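Paired with chain B in one complex and with chain C in the other, chain A is shared by the two complexes that follow.
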Partner chain A sequence: MNPASLLTVTAVSRSFASARGLFGPKARMIKAVDDVTFSIGRKETLALVGESGSGKSTTGRIALGLMKPTSGTVHYENEDLFKLGGAAWRQSRRNMQMIFQDSAGALDPRMPVGAQIEEVLSVYGLAGGKSARHNRVVDALDRVGLGGASIEHRLPRELSGGQRQRIAIARALAMQAKLIVCDEPVSALDVSVQAQIVNLLMEMQQVFGLSYLFISHDLRVVRHISHRVAVMYLGRIVEIASTADIFKNPHHPYTQALLAAVPTTRRHHPSAGPLLGGELQDPASASSGCRFQGRCPFSRDICRWVEPALVEVGQGRQVACHLAVRADTEGGGRA
Partner chain B sequence: MKEQAATDPIGRRTTFASTRRLPSLVIAGAISFLLVAVMSGALADILAPQGYNDQNLLIRLKPPSFLGGPHGYYFGTDELGRDVFSRVLFSLRFSLLIAVTGTLVGAGFGTLLGFLAAHFQGLWEDILSALVDFQASIPFMIFALAALAFFGNSIFLFVILLGLYGWEVYARLVRGLVLSAKELGYVEALRNLGFHPIRIYSRHVLPNIGGALLVQITLNFPGIILLESGLSFLGLGIQPPLTSLGLMIGSGREFMTTAWWTAVAPGTVIFLTALSVTLVGDWFRDRLDAMPSN
Partner chain C sequence: MSLIELSFEENGRVLRGIAAPTPSATPYGNDLLRIENFSVRLPGRHGPIHAVRGISLSVRVGECLGIVGESGCGKSTLCSAVLSLLPDNAQIEGQIHFNGLDVQRLSSEKLARLRGREIAMIFQDPMGSLNPVRRVGTQIADKLMVHKGLSRTTALAEAVRLLDLVRMPAARGRLNDYPHELSGGMCQRTMIAMALSCQPKLLIADEPTTALDVTIQAQILTLLSDLRRELGMAIILVSHDLGVIAQTSDRIAVMYSGEIVEEAATETVLDRPRHPYTRGLIDASPDINRVADTLVTIPGSVASLSEAPVGCAFEPRCQAAQHKCRKVAPHRTTTSSGAVIACHFPLGMSE
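Right after this comes the complex of A and B.
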């Protein structure tokens, strides 16, 4: 475990039992997250990317301690999250917060947004009296660009999606969270608002030294905000590297395909890799070998029988691919 | 919800639904009747010309004053020469008090079980559904008769029994509402803020489902009034010398052919009270349905 890191997720797996009909076959176990390990440093943004169903959100919820993993541990500042009792677990919430894609669902629909921020302060005793709390609320709203007293008395449904997302950020700031898991925070917003929210998140990181686990499928946003990127496929991390490395020189065929799928406005800009066909494989029908082999254009014999491990191939760079490892040890990356 | 309001493809209520809506005059009448009923029950001591047990054996079973009866006896007198009007006012007080307390007991008990089932799920849900099945398999009147026969008659037991009537409706309703609130995400968000479950349920979930709960209470309330009247009519509810609307009908039954006012006066009050609460409940439900849900 890296002592410098804020959050360390070690060998976390989570399986779900599939629904079973009255006379249907036995319930099958589906591994949504399989042996995932990563860490997030202070003031760092780690992006978690992958297509729908790759286990990004489940990983985020486990990292936050909202969902118990089937196996593996999560440490926040060297404290095992799943060994905390009820009261200690609730105290740990002060440090780690979540921002959801559905900004309306994150707020109590019947409570004015200002009161919702104030409640956090009073539960944790973060500000003395009522007037001090109110000042903190006004301050927090001001920080996220919702200054002026008019917003705080409104109900969530009276605000726009972007404004609600700002409220969620203001609430996390008010409780002085150090780590924020952002689960697709901008996917439901207009592009212009997306940029505002992303910039706000980056600004808050500078000011308050926040760390983010940024879950997204939008690679353009990820490139803008994150320091490192972890690519997930079918519940496993297939590649993890710094943002610059991933975008300049993706090692894993899946990463290459993901990047190739990003729409570009430049006509003469050749795609970096092959475009993928097919669908995400049914996670329940896990066979031996590499999970990606069915869709991989470079699939070899070894891929069918041996599941590649996530191995270090360079400075802070890990890849789970037989070919990438070989290519790298032979000197010179593939691309 | 028994009736679905018809809507056109873009979600506006169509004319069918708007004609079905209750005219506001009826609602105003129902609300004012309820206000008058509550006020006259509360102020019975001042409003009633006589006490509810003041007898005058010289004027037994006299008709109401507007039908030629003795002056000042608006609803006539009963078999002991007591003023029916005064007795109706006091009966209204006792019947309403008992029905309201019974409703609160039932709503509170059912709501609590609903929350427990939705929060803990598993075993608690099994217990809840076993209790609901148990209640559904016994006619409630028989159950109430047996309980009163075994444990003797006391107002406390009577109120508890009234509360048991209909608790399962609240329990099922609340369990469903809490489960769907959990789906909405704000409950998980609040949990993630580190709030204690009791705080989440009392400060956030309860206000959000309060409207639906209130509608259910108004829909159940007439049933409780009628049950109280029915049990008292059978002689198992309120005992003399106390009085209640059902008890008055019960004792007036014997004189139906000769002195109909002894039964008709309390009967009309029961009818109007139950009807008014139902109308107000319906109107309230329509208002709630029309409100934006989020």
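Right after this comes the complex of A and C.
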């Protein structure tokens, strides 16, 4: 465990029982997250990317302590999150906030947005009296570019999607959060508004020294906002490295395929790798060997039988692939 | 004009349908679809919504036209209009001609033949477009039985062929599946198979990959491009994602607030955008090959579609707006390079 990091997630797994009918077969256990380890430093953005069903959101929830893992630990500022009780737990929770994709669902539809932020402050007993709380709300709204106008008195439905996402950010700021888990925060927004929110998140990171766990399927946004990237496939991290490394020289065949699939406005983009066939398989039908093996264009015999471990292959870079590791020890990356 | 019922064989496929005498050339030369000065007003709770404002557009035989724009710019309303699917209380001006036929004047019988047979459409939510309680094979076969008069057995055999055509894995085994047993990508493949069942001349794809993962999106886009080449059909691809449009289309039409503000060949639009909104869209889209410190943003948010403003609709968000933009709505002009733009002060024109 790295003492310098703000959040450390160690060997976390989480299984769910699959739904079963009244007379159906016995429920199977599905490992949504399997042995995931990562850490986030102060003022750092770690992106969690992967297709739907890869376990990104479950990992995000566990990292926040919103969901207990089946095994593994989460340390926030060197405290085991799931062993904290009472006041210490509340204190940690206050420092860790979440922004969701569906900003409308994350706000109370019947309460003016300003009052909603004030309510959270009073729940946590922050900012003393009523007027101090109100001041902090006004200040937070001002920070996210919603100052001046009487936005605080409006209901969520009277705001646009971009404005509501700003409210969610303001709420996290008013709580003086240190870590924000952003689960697809810009996926539902139009391009022009998406750019505004991405810029705002980056600016707030600079001003308040925030750390982000940025969950997204959009690699274009990820490249822009994050410092490090973890690529997930069927519940496991298959590659984790600095953003520059991932995008310039992806080692894992899945990372390469993900990058190749990103639509770009330049028709001939240099990172073009193999286009991936097939689809994410059913996590319940996990077989032996590498999970990606069925779709991997480079699959060999060993991939069918031995599950590759996530191993260090260079400065701050880990890959779970038999071929990538071999190529790396033979000198030079694969790409 | 009178319709000719056609049934002929081409490359081993039987083609049938209403068609102009020569299948490649239409009464409008190469234009398969021609939309002229088309406007739609829909009743809203707070007065009419002017969703489409005087749009003129054409799609050539076998061409892929990309329509890009943000939510609420009228993209989907325009698509519905082509299939004459607008609600009865919509106020419509202007004309839409498909293959020489005035779509709005067709009898409901002829319209039913046009929809699905000549023009097919696929949507963003494939799961929602399929009947959840009927098997996939039956749904495809139904369409073949109605439109082509096939027997159930032949229709099911044809359904397998279509599913193979759209590269559905283990196509035959999928016939008895229900939509919920398929993934999103497979549902979209099923929708495409249904759309292709009558060899349409035009396929309208309204955000076909928005709900899909990026690797599946790439598969579906490649499939659409391949099928277009193989079958020679035209495609209107609607998306909010400039990257998706750029990779698939020959021509791009950029929509803002119910109008087409710029229309040109794909390379022209991407390399030399003339309209400030197009420029803004390109700059605001993060690109995987380009890293910038901050993304360029377009200030404000998308204009409302209630009554059209006096001047240019983009003026409140435009960095280059001048006095004239507030007073006079810009007309569509064609530049020397063949691009059509609606802007008083197009970018790069002084050079």
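The criterion applied here is as follows: the second predicted complex is superposed on the first by the 328 of 335 C-alpha atoms of A that agree within 3 Å, B and C clash if a C-alpha of one lies under 4 Å from a C-alpha of the other, contacts with A are read in each partner's own complex, and residues count from 1 in each chain.
FYI, contacts are C-beta pairs under 8 Å (C-beta built on N, C-alpha and C of every residue); 3 or more make two chains touch, one makes a residue touch a chain.
This is a predicted model, so every value here is computed, not measured.
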Practice prompt. In the superposition on chain A, see if there is space for chain B and chain C together, and answer fit or clash.
Written response: fit
Worksheet item: Regarding the shared-chain residue A:R90, is it in contact with chain B (first), chain C (second), both, or neither?
Response: first
Worksheet item: When the two structures are overlaid on chain A, which partner does A:L66 contact: first (chain B), second (chain C), both, or neither?
Response: first
Item to complete: Give the angle at the C-alpha centre of chain A formed by the C-alpha centres of chain B and chain C in the superposed arrangement, rounded to the nearest 10 degrees.
Response: 80
Worksheet item: Does the superposition put A:P263 against chain B (first), chain C (second), both, or neither?
Response: second
Practice prompt. Kindly classify A:V123 by the partners it touches after superposition: chain B alone (first), chain C alone (second), both, or neither?
Written response: first
Practice prompt. Go through the superposed model and pick first if A:G114 touches only chain B, second if only chain C, both, or neither.
Written response: neither
Worksheet entry | chain B versus chain C, judged by how many residues of chain A each one touches | C
Worksheet entry | Partner chain in contact with A:H217 - chain B first, chain C second, else both or neither | second
Item to complete: Rounded to the nearest Å, state the minimum C-alpha distance from chain B to chain C in the superposed three-chain model.
Response: 8
Practice prompt. Using the touch rule from the top, collect the residues of chain A that touch chain B in their complex.
Written response: 64, 66, 89-94, 97-98, 100, 102, 104-111, 119-120, 123-124, 157, 171, 175
Worksheet, complete the sentence: chain A residues touching chain C in their complex are 51-52, 160, 162-163, 190-196, 198-199, 202, 217-221, 223-224, 247, 257-267, 269-271, 275-280
Item to complete: Could you pull out which chain C residues touch chain A in their complex?
Response: 70-71, 169, 183, 185-186, 213-219, 221-222, 240-244, 246-247, 270, 280-282, 284-289, 291-292, 294-298, 301-302
Worksheet entry | Touching residues (chain side chain B, partner chain A) in the complex | 184-186, 188-196, 199, 203-204, 207-208, 292, 294
